[in-house]
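Next up: the structures, one after another.
Here come two complexes built around subunit A, the first alongside subunit B, the second alongside subunit C.
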Partner chain A sequence: MFTEIKKHFKIYGHFLKYSIMEQLEYRANFILGIIVECTWLCTKLLYVFITQSTGALVGGYTPDEIMLYVGVFMILTALYVGLFSWNFYFFSWGVSRGELDMIMVKPVSLQFFMTTRYINISVPIPNIIGGTALIVIAWGRIGLEASIRNILFFILFLFGGMVVTYALFLIPHLSAFWTIKTQGITEISSRMWDFNNMPMQIYNKWWQRLGVFFIPVFVITNFPVMALFNNMSLLHLIWGFAVPAVMFIGIRLFWKVAISKYSSAGG
Partner chain B sequence: MKGISKYTTVVKLGIQEAVEYRIDFLFNMINGCFTVFIQFFMWTAIYGTSENDVLYGFSYPQMMVYIIMAGILANVTSTGFEYEIADDIREGTLSRFLVQPIAYFPYRTVLFLGRKILAFVVIVVVSAVTLTVLHFTLGAEFAAMNILLTFLIVPLSLLLNSVIFYCVSMAAFWMTRAWGVFQGMGVISMVLSGGIFPLDVFGETAKSIFMLLPFQYVVYFPLNIICGNMNGNDILFGIAAQIFWIVAVYGLSRILWRLGMKKYIAAGG
Partner chain C sequence: MAIIQVKDLTKNYDYYSKEQGLKNSFKNVFNRKKLIKEAVKSISFDIEKGEIVGFIGPNGAGKTTTLKMLSGIIVPTGGSAVVNGFKPWERKKQFKMNFSIVMGQKTQLNWDLPALETFYLNKHIYEINDTEFKKTLDGLTEQLDVADFIKKQVRRLSLGERMRMEFIAALLHKPKVLLLDEPTIGLDLISQRTIREFIRNYNQETGSTILLTSHYMGDIESLCKRAIIINEGVIAYDGELSHVSDTINKIKLIKVQFTEKVPKSDIEKFGVIKEYDGVSAVIEADKNGLKECSKAILDTLPVVDFNIEDIPIEEAISLMYEKGGETEE
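== the complex of A and B ==
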């Protein structure tokens, strides 16, 4: 078990090395990727700008708390786009072209290989810089004195949010094993990511329940921030720890079912 | 007459494509709904706790009309053909247009408008339903003449956005992979056209700069007519400005086309 984990960490190190080498080889594309992401970043900052200029409470959050929330959203966007989203798109494209054959015979987990091998470096850079800046500024303005327990929960829920992101956004791409064209479904699912742009408290109770317990998209950004502000109910606290495990086991089982449909000729 | 008939054939081709890829259109509409959905709840929360009934010159019903109609209009005016033009240039398939008795710009524009006819009909129906619902639920008020004027202006908005992105697609003459330029320009155009928020949110200084650019005539201008923020003179001036920008951006794209053709080697950028 330990040897396997060590082996996969080592392989991940190689993935990172080759991803950096590959992207730096096409420097113009690398820089263009950063510029395009900066334009997206500006649209996210617009939400902060609006709340700051109106001074209104949004879902019970003050403008400075919204700033912190958007900062966390940017960091999670960086992790999602940097670590997963490229792999998911290449994965469904590879399935439709029957390109899994050579990878299946490698002595490494197919799911691990197919869903983690590309690491995007350019897109996360503006998000990490912008997100960190927002968090630092907002933290100072709020004068937040979070306890060690709250910060620990924040980090744990941030990690849990990543696990939920991995599982939740991989599901639509697995439909590639049944239908060759998955673009429509995957586009819709990636738009779901934007639901993290604003706190879930802006939606009514039914939408919140749907987004927390059925399609746990609200868990991703809301829970770390709620932990930091120490305003989580006991149910949310328990669910926050349970849902990453449930989703990870769920996606592993679903992967096994999906892979059994692979016919190496597309669909 | 023969000259017109070849373009009517291209329009029919565009309509056929739109019918064939109707699911794609449906998915695009659903995607647009997500953005509107988030904004709907966000603005409801902001207006609910703000001390002012009017924010950035918009009352709550007006803002709802704006964000919902902006989602619809931004969707229907979106292009996407810039990637096809870049492929034509990169792969050398542009050459066949150079020897055929059909000019490339009219071909692309007419094909684009043909593709959008179906979408236009759908958005007229969707918009009519949306405005009726907003009238009865939020008490949003509209003048019938303003709604009619807006739908007469939307084809000009479509044409303007198509010449803007035709102009942007000329970048493919100089760049092998121009996707970054297209994506970046897509986001910039979306924001500056008022496709996400009304331009008023940026403040007076930024807005006065954005008003000098052509983008606002794609979404912001037609929607301000529906919201009742414009008088007759403003509307006439806006239509004249739309036509001016269509001619000016087309002129720029002709210059870029001529410069680009000197670079074109029919074997990829």
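== the complex of A and C ==
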């Protein structure tokens, strides 16, 4: 088990190296990617500027708390786009053309290979820089204590958010094994990501429950921030630790069902 | 005991038919007629360790589907197969560690990077130690004569160069069973010969078992003693290749192009006309009189282009049946 984990980490190191090498081969595209993402970053920063200039509370959050929230959203966006989304969008294309054939025959986890092999470098760079800057600034302005508890909870829920993101946003793409083309359903999932760009407290209770317990999209960005502000109920706290494990086991089982439907292509 | 055992292996695919036109596309949204294609129909065969077997048949006969089942890519509808002691579609690690597949129309190489990078990735995937990796890579690089372009981006390689790289990527872990699906498709004659010689030497040196599909009889004839012919999903023949070769080689197709229009009557005397449009023709000629026939065509007709080819495998299969049920199975 340990040997297999070590092997997969080594392979992931190669994926990272090859992704950087591949993207640097096309340097104009790489630089353009960073420029385009910087413009998107500006639109995200608008939320911060507006709340800072008006002093308005959003869902009970002060402008500085919103700044921290947007920072977390940026970092999770960077991780989602950088680590997973390229791979997820390859699914439909790969399934329809039988491109999984040559990967399936390798002695390595197919789910791991298919969902992690491309790492986008250009898009996350502005988001990581921007997001980290916002978090650091907001952290200081709010006067949050840089205690081990705060940092640990923040990192744990950030990691949990990443696991939930992986599982939740992979599900629609796996429908490619049945439907081949997945634009319709994946478009819904892309829009779902935007539910994260504002605190869940702006929605009514029923929507909050739906987004936390049924389709746990609110868990992703809200929980790391709520953990820092110490305003999580016990139920949320337990769910915050449980939901990444539940989602990961769920996606693993769903993957196994989905892959059994693979029919390759061309003979 | 046979290293590949196939018993009543069957694969059905679901598909939908659609009539031509937009109206029928709308109809199809609400009502689709589900059809089942029986790609492989209860086939059985065994392959012994160290054998090279040619798996031949026309397009859509079920060759690639069979290879995909034997490599665990797709799950069969029925029947069983054991490859090197494993059920392929269970996709066990030990099974994958000891087999490999090369598909002429698919790649495992990273398009944007030199093939060497894929080799290093495979080193980790197949858990090959540094010494063994270097030794095997050096050996394969020398045998396939790829030292000059091993560091060149894959997308800049010719098809022949790329196929040689595919072989290295597939053989670094020294598989006991090698499945080759049209490995020479689209290659020029020199590249085809290089690949053939390599496969033959590899089999002799390692004793690996090879199942090879190819449209080129040249590949099969130069490598295999045994052939399995599959047609419309069923095994039409399993036995000595020489028997198939005799049938296929008995008749040749002469493809000629003329500089000006030639009457059909002037061509008929050379053999059976299979195709004719005035300025080109395909003539079926007996192999025994091929030399004389070719000379006469070149001497008497205004020929601008001239080619001699094998008859298609579909026709060879029909001919074998016409000769009277000579199937050994």
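In the analysis below, the second predicted complex is superposed on the first by the 263 of 267 C-alpha atoms of A that agree within 3 Å, B and C clash if a C-alpha of one lies under 4 Å from a C-alpha of the other, contacts with A are read in each partner's own complex, and residues count from 1 in each chain.
Everything below uses one rule, namely that contacts are C-beta pairs under 8 Å (C-beta built on N, C-alpha and C of every residue); 3 or more make two chains touch, one makes a residue touch a chain.
The structure displayed is predicted, hence computed values, not measured ones.
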item: When subunit B and subunit C are modelled together on subunit A, clash or fit; value: fit
item: Which of subunit B and subunit C A:209 touches, first, second, both or neither; value: neither
item: Between subunit B and subunit C, more extensive residue contact with subunit A; value: B
item: Partner chain in contact with A:6 - subunit B first, subunit C second, else both or neither; value: neither
item: First, second, both or neither for A:107, with subunit B first and subunit C second; value: second
item: First (subunit B), second (subunit C), both or neither touched by A:18; value: second
item: Which superposed partner A:47 touches (first subunit B, second subunit C, both, neither); value: first
item: Touching partner for A:98 - first (subunit B), second (subunit C), both, neither; value: second
item: Subunit B versus subunit C as contact partner of A:256, first or second or both or neither; value: neither
item: Angle at subunit A between subunit B and subunit C, C-alpha centres, nearest 10 degrees; value: 90
item: Smallest separation in angstrom, by C-alpha atoms, between subunit B and subunit C in the superposition; value: 9
item: Footprint overlap on subunit A, where subunit B in one structure and subunit C in the other make contact; value: none
item: Subunit C residues touching subunit A - in the complex, by the definition given at the top; value: 13, 39, 60, 63-65, 68, 71-75, 91, 93, 96-97, 99-101, 103, 105-108, 110, 112-113, 117, 120-122, 124-127, 153
item: Residue ranges of subunit B in contact with subunit A within the complex; value: 23-24, 27, 30-31, 34-35, 38, 41-42, 44-50, 55, 177, 180-181, 183-184, 187-188, 190-191, 196-197, 201, 203
item: Of subunit A, residues touching subunit B in the complex; value: 28-29, 32-33, 35-36, 39-40, 42-43, 46-47, 49-51, 53-59, 183-184, 187-188, 191-192, 194-195, 197-198, 202-203, 207
item: Partner subunit C, residues of subunit A touching it in the complex; value: 7, 10-11, 14, 18, 21-22, 25-26, 98-108, 110, 260, 262-264, 266-267
